[in-house]
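Presented below are the structures under discussion, each in the form of structure tokens.
The same chain A turns up in both complexes below, where it pairs with chain B and then with chain C.
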Partner chain A sequence: MPRRRPRPVTAEHPRAQAAEVATPAAPAAPADSPTARASPRAGLFDSVRGGFRSPPWTLAVGAGALAAVVVILLLTPWIAPHDPAFQELSQRLAGPSGDHWAGTDHLGRDVLSRLMYGGRFSVTIAAATLVLCAVIGIVLGALAAGRGGILDELLMRGVDVLTCFPDVVVALFLIAIFGTGYGTLVAALTITGWTPFARLMRGLALEIKSKEYIEAAEVLGCPRWFIVFRHIVPNALRPVLAMSFLRFGHKLITVGALSYLGLGVQPPDSDWGAMLLDAQPYMERLPWLGVLPGLAIFVTALSVTLIGQGLENRKLPRRRPDAGHAEPASAEAPLKGAGP
Partner chain B sequence: MIRHRESATQPACSPPSDTPLLEIRGLRVDFPHVEGGPAIDGIELTIRRGEIVALVGESGSGKTMTALAVMGLLPPEAEITGGTATLDGEDLFTMSSTRRDQIRGNKVAMLFQQPKAMLDPTAKVGTQVSESLRRHRGVSRRDAKTRAVELLRDVGNPEPQRRASSYPYRLSGGMAQRVMIAAALSADPALLVADEPTTALDVTVQAQILKLLQRKRDELGLSILLITHDLGIVSSMADRTAVMYAGRIVEDGVTTEIFTDPQHPYTQALLRASLLESERGKLFAIPGSATQARAIDRGCRFRPRCDTARELGITETCGSAEPTLHACGDHDHHHSRCYASRGYPEVP
Partner chain C sequence: MTLVIVSVLAFLIPYLGEGDAARTILRARTSNPALGDEAVKALSAELGLDRPMYAQYLDWLGNVLTGDLGYSFTSRLPVIDLVGSALWVSVTLAVIALTVAFLAAMPLGTLAATNRGGKVDSAITFVAQSAVSAPEYWVGPVAVLLFARQLGWLPSGGWSGPAYVVLPALVLALRPMGYFTQVMRAAMIDVLGARYVIAARARGLSFARTLLRHGVRNSMLPVMTLFSFWFAGLLGGAVVIEVIFSIPGMGRLLYTAVVNNDVPVIQGAIICILALAVAINTATDLLYGVLNPAMRVSHASA
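Our next item is the complex of A and B:
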């Protein structure tokens, strides 16, 4: 690695200092020499070298935030202060008060209650889409890698074509043909959303296919489909899972975008995207009408993304670098006296 | 663990019968896109029931390719260009892939060099041990679990119950190879192809694994094709030995005879190069390597490295035509592919 211009470590770079302390591999230099204080190995490029490792708390924070969101959404029918559809026209566009913590919208509906009920739609649709995308992507990706040949070629070129179009545009096109509705919404987002899973799964499967334990399974007489789904898919699941979490935020935002365009969740139901649409005319006078649903989307998407990042950065827990010493020698010992 | 003490001293507990189990006739394996001649060139090998046959030779001599050809696991670049291999009368090269799946694990199983890499890190040890049983014997999930524990105990696992429900990363190399043996033998195959099963293990563990294999042979009447370059293992394990050089078998015969009375100069050199025969502190090495020798299309392939030919002054004869694999003496259990070895039909 070429040595970079030394940068003085000052109080503004606490991370640089921390990284230097945390890197035992850093060459030891005399403490009073200038290189020791301003090691080019620590600092700005640290994250690049380490492959953007996120801090260890990402997983916990993400999981905590998501758990809070999920609990609130699950308990909504019991804890929501008002009926989300009840219009109190005399109270239109009221500011936050004791009765309406987040105020009311242009039809006098309680914003907090609508936020809670709307979140149920947003999150459910995003989650359903994601699961479908992941399952279809895993199966097709594994098949492409497992069978190879013409099937692989066809599937992957199909993926290429689908990837060319922005997914909102494809979804708009499908909704324009089949009309609005939850089924169409989920279907449209699934059709555009499975491709990254298939690509990832195919790549992983091709790598895993060359592993020795796949050969061992073949030798035991396992048919190919069995090897694909029993040995290849489970070994690829961890990265796929991490990606699912990373894609969830994207799905949530896409659902919101479609609703914002008026093609997602239809009245009287409503989700965060639709609330944004409703809030648009009042953005200048009553900014919280738009900020709150936007914030809800942001927090939920961020929490799930943090979980994904945390998972991705975690080392495989079932493998240890020194696994050769994992078994104490005593396991072999009882046999030593067995032979003549 | 119960073990028959006498079994090691009397390896012929179940004497090898005369019916051939595996018959390889004139096998040729080629890498069409790689220069340097076929990887395997006309191999003849017969394994009878209950017999341990060792295939020895240095790296690149084609031992592993032979095993992979038998298992139907040759890499896609390789091509079988001639010969047949029959297992129990069934042609291994022409059978359908469905039939091959039925045979693998059920009639023929394989052990590999790196046991730890052969276990799926995401599946429990017990599941993997009983995979073959579930496939070939239709054993239920629950029965498979108890069978897996039995199998693990049988291969000398001190805590089979706990081991079965743990993941492979906990296994040592020796224990992983035991697990692989349990998995390979679970469906009671007739032939076990062991491709350097102990190369990656340390010496004490190596001895235990070999003893386990011998015990299994005695108990089950198993035939073993043992591929190794360790002559010590060969002398203690194998009933018969075939020595491979550059894709050809240069000498085969009963193991004791190969070791006490080697006829081919390559075998003689191999024995001299092994620690068994070497003088203290001075290890003999055969100059040159076997890989280029495949490209030699006329004459004996060992000729460039052969001292015997030089001493006898027959290098030209050796270069003009390759000697055939002929019987050494009037009995039919020792063959050699050399003009200089005993009993060559027309000594030049």
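Our next item is the complex of A and C:
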């Protein structure tokens, strides 16, 4: 097998592939999928490869940009040229120079250093929230699919309702009650953020559950939790990973939005959103003060989106229309971004 | 059900927040800003604030349901009036922005889907992904700088005429446009691979006619779902844009209320936004059943 062919996610269960292609009676059987028709090379592994390929450069560019951002942020304490909090008031609002590559802000602080330290806050908060959302969503989604019945009904009702709540509004709600803080921030974004994962996981779990190897495991007398965590979770990993990348950009932007409103990261800490807020009064004279942190958010968000899209496009079994929770198009679930 | 939970939480805001709950509530109920301790006691008894919590909640809920949300701490105006006028502004802005996004996404998504894998597709997908990744608190100020300050074409903020809508609506439309385009593309690809499209082509329909009659119509459903989803989101969730452009909508109302700890306005705005979100969501579900007969069948068989 040539190296660049994506490794089948179901590697541990070779029979799964056979099962996938051997059930033409299923609603979205391979013969019905657009690829099988459009590609002259439609073959046995087509359904495994996923539909179309995204242009490979997007995945590469996204991964490269993200790696660069992560490395810079990790090395910040060693490579940052200045102390981000050091105020040199005689050097206020200076343009780029040899000493301050990106100039200084309204308090004479080095913009480049602040960008690097600020990014650590932005990215860490977004990542922490994302991990929480993914874990909660995966566990609840898998539970809903595994148990079914009333639990499933209740959980998915909750998901339906929470999904339509704008996340900034929920964040403002929590801030009104508990005040600002990292805890409030992460909690607010988690409350609205876990639902797409639960929806995706439930759909995937229901689909995987109908596979023959699950039946085999049941016949062998494997306990339910074992089937869920040994078979369903690993098989759902790739789509969930794709979704995580797709959602990461959204989280990053929302964290920045709250900081921009002065309700997210509080001084003396500062993130990219807070830097934009600081730059606001000086935008006309010194546009780069605001452009740079925005650009940082944009580049980071775009790189994860590219990665997520690349993964999503190669993702495995297309979900059948009846497997998801009233979800019409497979592409929709991950794209269900909340309100800005 | 959800609305009950939301209303309980909103009711609890004055009790969970800092400060004397009774005083906070009294400030909301009466339009007299300064109250002595004596007056607080007397009024507490009169308004039943010494009664158990659940009874107080029911009282409060009764008031809310009859449209009495109390008075704003800062402006001393009835909250219901504030919410009403802000809602109207937000609805206008959301409808315009989403219509722009929708109208841009339809041709872009279709074009990308029909050129699947080609250069045009890559370009459109990349543009859509960029649009999705661009924070509006970055695009907004830059757009103001460019079109309002430098070129002077449009006002930089406020809400007093059609010209004031253009810039915020365009900035606001950017991210939904990106999402709509991607969903439209995915849906169109699905539809174009469907059997009825092959059948239509086999019947001799031209590609363009097939695209219009079957493609666009059928791939619009998921986009419409997303549309209503965003509509619900933007009613209160356009906070950033409304703050940047000083638009007196729901988002800014809630934001300023949170900043000023204006409890009755927070309660009113939260209840209104979340209730509307639930209502729109339910309406979409119902509408979906009407528009898509397949949905009804799958529900019936389930």
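Descriptive notes on the structure:
Definition applied: the second predicted complex is superposed on the first by the 261 of 340 C-alpha atoms of A that agree within 3 Å, B and C clash if a C-alpha of one lies under 4 Å from a C-alpha of the other, contacts with A are read in each partner's own complex, and residues count from 1 in each chain.
In this text, a contact is a pair of C-beta atoms (placed from the backbone, for glycine too) under 8 Å apart; a residue touches a chain by one contact, two chains touch by 3 or more.
Remember, it's a predicted structure, so these values are computed and weren't measured experimentally.
Touch criterion met: A:A176 reaches chain C, while chain B stays clear of it. After overlaying the two complexes on the shared chain, residue contacts for A:G221 are found with chain B alone; chain C is out of touch.
Of the two partner chains placed by the overlay, only chain B lies in contact with A:R230; chain C stays clear of it.
In the superposition on chain A, A:E212 contacts chain B only, with no contact to chain C.
Between chain B and chain C, more residues of chain A are touched by C. Contacts of A:I150 after superposition on the shared chain: neither chain B nor chain C is touched. Applying the stated contact rule after C-alpha superposition, one finds that A:L263 touches chain C and leaves chain B untouched. Across the two superposed structures, the residue set of chain A contacted by chain B and also by chain C is 326, 329-332, 335-336, 338-340. Taken in their complex, chain A has these residues touching chain C: 32-35, 37-38, 51-55, 58, 157-158, 160-161, 163-169, 172-173, 175-179, 249, 253, 256-257, 260-263, 273, 276, 280, 283-284, 287, 290-291, 293-295, 297-298, 301-302, 305-306, 309, 321-322, 326, 328-332, 335-340. Against chain B, in their complex, chain A makes its touches with residues 211-213, 215-223, 226, 230-231, 234-235, 237, 316, 318-320, 323-324, 326-327, 329-332, 334-336, 338-340. Residues of chain B touching chain A in their complex: 1, 3, 5, 8-9, 71, 73, 98, 101-106, 109-110, 112, 114, 116-123, 131-132, 135-136, 156-159, 167, 169-175, 180, 183-184, 187, 204-205, 207-208, 211. Remark: chain C residues 1-2, 9-10, 12-13, 16-18, 116-117, 122, 125-126, 129-130, 132-139, 141-142, 144-145, 149, 172, 175, 179, 182-183, 185-187, 189-190, 192-195, 198, 221-222, 225-226, 229-230, 232-241, 243, 251, 254-255, 257-259, 261, 263, 266, 270, 273-274, 277-278, 280-281, 285, 288, 292, 294-295, 298-299, 302 touch chain A in the complex.
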